[in-house]
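What follows is a pair of complexes built around chain A, which joins chain B in one and chain C in the other.
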Partner chain A sequence: MRNLMSFRSTLAALTLIALLISWTNAGYFGMEILAEIAILALLAMSLDLLAGYTGLVSLGHAALFGCGAYAFAVFTAFWGWPPSLSMLAATLLTGLIALIVGSVVTRVQGIFFIMITLAIGEMGYELVFKTRALGGDDGLAGIPRLDLSAIGVDLNDPGVFALALILLVAVCYLLLKRLLASPYGAILVGLHDNAGRMRALGLPVQRYQTSIFAFSGAIAGFAGTLSAQHTMFISPQLLHWTTSGEVLVMGILGGLGTLVGPVIGAALITLLRHELSDLTDYWGLWLGVFLIIAVMGGKNGVVGWLEAGWNALTRRGETSKQSDRSKNDAAG
Partner chain B sequence: MLRAETLFKTFGALQVTKGVSLEIPAGIRHAIIGPNGAGKTTLFNLLAGELAPDEGRILIDGQDVTAFAPDRRARRGLSRSFQKNNLFLSGTVRDNLVVADIVARGYGAHFWTRLSDNRRAHEKTAEIAEQVGLADLLDRGVSELSYGAQRQLEVGLALMPDPKVLLLDEPTSGMSPEETGRMLQLIDDLPRTLAVLLIEHDMDLVFSHADRITVLNYGEILMEGTPQEVRGSDIVQETYLGGKAH
Partner chain C sequence: MLTDSGFWFVQLLNSLQLSMLLFLLSVGLTVIFGLMNFVNLAHGSLYALGALFGYSIAQATGNMWLAFILAPVCVMAVGALIYVLIIDRMRKAGPMKQVLVTFGLIFVFLDAQRYFWGSDQLGVTSGIPFSGSFELFGEIYPSYRLFIICVGLLVFAALYLLLEHTRLGAEVRAGVDDPETASCLGVNVERTFFTVFLIGSALAGLAGVVAMPAFSAEAGMGVSILVPTLVVVVVGGLGSLKGAFAGSLLIGTTLTFGQVLIPSFASMLMYALLVAVLLIRPSGLFPARG
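The block that comes next holds the complex of A and B.
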């Protein structure tokens, strides 16, 4: 178990190094891709808290992402609030909405949970799509970026912006990792494993599920404020359930419930989309092939495959160790 | 400590619990026996809060908990084990007991302390593991434990909250004779401050380890008494123990 934890930490460090190396080599377009990866990585990590750790698979997560983006756009472009305050306010507002939504959706379980989050997400999408004041299907433009010139950082430079986002994701990863090592983190895993037993032990299950829904939603909203600053133009597509689905696929491809997996998944899918779409019109087909390979054999995505490989390597070193060790590791 | 007053429960046209009353003071091991379909499990679920009674009241330590959900009853000091193992299968024995400690002691909202630094939780975990005979298996994955060891963990989880009332649903079901012996020893060794209610099929176990026995039949209490009284009773012999014995 401890080996596994340090393996994942190593993997996270390697992912960060890989992102930083690509940053040093990236041109203008590369910087845009790196920024996109970082934002989607943050969004995918927030969904991992909910779907991977707590076992609450939401298909409405993009609506919270879009909520953060639109709130930021309204606060800055319409009301003229400074971007820093707008980021904070948009994150808190999204968290509050997620708290209210969470207190409703956690009343149902399993497939019903997926359906009700999908329905509420689509309601959000429709609302934005049909509201002229929010630009409707034309979207909103003229969104400013955070001004850090006071400390000599120009976020309007694509390279600086991308680097800031990569470092921000690294910080968020460390904070979330700390959260998951806490008693609260253990409760989340217990809820995923056996919510009924948690209730029998005395846990107010719904209250805890609502709390993680709200927290995860606030992070998604925060990622939304970053996305609005990245593209400086937003459209209702941000809230669409296909965006939720894509983020979920990132988590599954990388490995749900591993925290680093969704980051890897976000990077892989974003890269595949940009690289493969240059080579072939059928990039979605190839993405499907990758996805099938990644989840084949009951492995937990890329991280699961790497862990299995690592276990096989280390076991070869030690002679005749118990053969069912890896089975337990995979379950943990 | 645990008190049930004239509980009624109906599923459709089927009356499964008909006016059952129980009184289990602290320190008493009280067993419920009865043939299949006698309503033992329904009664258990009524007491634990998984089902709501149509009529009647349930009190823990003098407080009316009839309207309380299972988690709220658990926080009032009622703990239960399950007939089918109901564990956290992805973790180790230690993970299982620690998460039970977090819930029982109510520090699940601590999101910034490191669980690994919590010495008290690990001491409590080691203590309960010792009590249920799992001290050597603390770091073993639950899914690779033997069935008997999983059964021991099932009871271990129920003991973590230091309950006032412990409901054990067939704790020895499916166990080997050796494992059954250890489980009985465990039940005998439970602190005498605890009120224990157990459902059990094994007659020998019931007669030698329970202080009082309630015999259920078709949702009604056939009789209640000491093991000697129940063993000597004619109606019980006829309806449950299969005709006159000896």
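The block that comes next holds the complex of A and C.
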């Protein structure tokens, strides 16, 4: 177990280094892609808290992502609030909405939960799509970025913005890792493994599930505020089920329940989409195929494959006891 | 307008017709879930496939009745393919992974349908049976929509007889009630599941091809119908024919009358209903298992 933890930390460090190296080599377009990867990595990590660690597979996570983006846009572009305050308010608002939604959806489990989150996510999409005040299907433009010129940082420069986002993801990774190492994190894993037994131990299961739903939703909303600042334009597509699906693919392809896996998945899927969209109009087809392969592949995504390879290398001949959770993971 | 009884009667017929489409879709989903704890999220894609197959068959032969018969058969074949290639192989992986795989299938189907049929709305204009209309309380109503309602009611009656009076029906009921005991008693639950999966796929295809002349067909129609269908399944309660029927009527009525009364937020009413049912009766109105 200890070995495995350090393996994942190494992997996370390597991922960060890879992102930083590509940052030093990236041109204008590369910076845009790096920023996109960082934002989606944050979103995918937040979903990992739910789907990977707590075992609550949500298909409506994009709605919370979009909620953060739209709230940020309304606060800044409509009401003229400063971006820093708007980011905070949008994150809190999304967390609050996730708290309310979570208290309802956690009443049901398993496949019910999947269906309900998909339905409620679509409700959010439809609501935004049909609300003229929010731009409807035209979306909203004219969203400002955070102004850090006071400390000599110009976020309107694509390179600076991308670097800031990459570092932000690294900080969030460390914070979440700390959270998951706490007793609270242990409870989440316990809920994933056997919610019934946790209840028998006297744990208010639904309250904990609601709390992580709200927390994860707040992070998704935070990622949404970043996305709004990145593109400076938002559309209902942010809330669409295809976005939820894409983020889920990132998590599963990278490895759910590993925290670093979703980051790797976000990088892989984003790169693949940019490469493939030049070649084909049918990106969704490929995404679906990736999802099916990743789920049917058995192992826990890229991180799972790497770990299996690493174990084979270090403990050759030894009967390796897999005490690791990744085996029954991948939303099992 | 709002005090006109003819207008309300037309809306009532509209809601019945939507309910019947939802019923055709949800009944397959709910019984499969009851048997195997498994939900095929690509069920809506099969609905779209039924409409698109139906369109192509009607275009090629000019015979809509042939489309009504052949399209469900084609969709059933696709369902069999999904089962053999994917779902059967995922047996041991557990229901959660199976559901995720079918979620991937939605993406695949959506783009495959766009590839073969394009993204435009496709409609058949000639050769539709019951293309006339009739007058009721001073309102003109297309006969074809009445035909949709009849198809739904006929399927409900047929499924009721199948479930209550045949060996397969008894096996399905036993399997939904308690899969383990049923298989101990010699019921081949796997085979029953396969049969039900095929019937469910065919019914989804039937819903698609029957809906096509009234609403036209397009690649994205599968996803937009999936969400109300899932709501029907959850509201109605899993595994039961009665639940699917009652849920369909409830959701179909809510959506149709919501559209009339508060046009932009009709679907909100549906979600409000969903939340209310979840809060009061988390297992749905008529769950098959207590």
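Assorted remarks:
Operating definition for what follows: the second predicted complex is superposed on the first by the 296 of 332 C-alpha atoms of A that agree within 3 Å, B and C clash if a C-alpha of one lies under 4 Å from a C-alpha of the other, contacts with A are read in each partner's own complex, and residues count from 1 in each chain.
Simple rule for what comes next: a contact is a pair of C-beta atoms (placed from the backbone, for glycine too) under 8 Å apart; a residue touches a chain by one contact, two chains touch by 3 or more.
No experiment lies behind these values; they were computed from the predicted model shown.
Applying the stated contact rule after C-alpha superposition, one finds that A:Leu16 touches neither chain B nor chain C. Using the contact criterion defined above for the overlaid structures, shared-chain residue A:Leu148 touches neither chain B nor chain C, since it reaches no partner. Looking at the shared chain after the overlay, A:Leu201 reaches chain B, while chain C stays out of its contact range. Of the two partner chains, chain B is the only one that A:Val189 touches; chain C does not reach it. In the superposition on chain A, A:Met296 makes contact with chain C only, while chain B stays out of contact range.
A count of residues in chain A touched by chain B and by chain C gives the higher number to C. Touch criterion met: A:Leu179 reaches chain B, while chain C stays clear of it. When both complexes are aligned on chain A by C-alpha atoms, chain A residues 331-332 touch chain B in the first and chain C in the second. Residues of chain A touching chain C in their complex: 57, 59, 104, 107-108, 110-112, 114-116, 118-120, 122-123, 126-127, 130-131, 241-242, 245, 248-249, 252, 282-285, 287-292, 295-296, 298, 330-332.
Across the complex, chain B meets chain A through its residues 48, 69-72, 74-75, 79-80, 82, 86-92, 95, 98-100, 102-104, 106-116, 118, 139, 141, 143-144, 157, 160-161. If you check the complex, the residues on chain A that touch chain B are 1, 178-179, 181-187, 189-190, 192-194, 196-205, 208, 324, 327-328, 331-332. Listing the residues of chain C that touch chain A in their complex gives 33, 37-39, 41, 86, 89-90, 93-97, 99-101, 103-112, 114-115, 223, 227, 230-231, 233-234, 264-265, 267-268, 271, 274-275, 278-279, 282.
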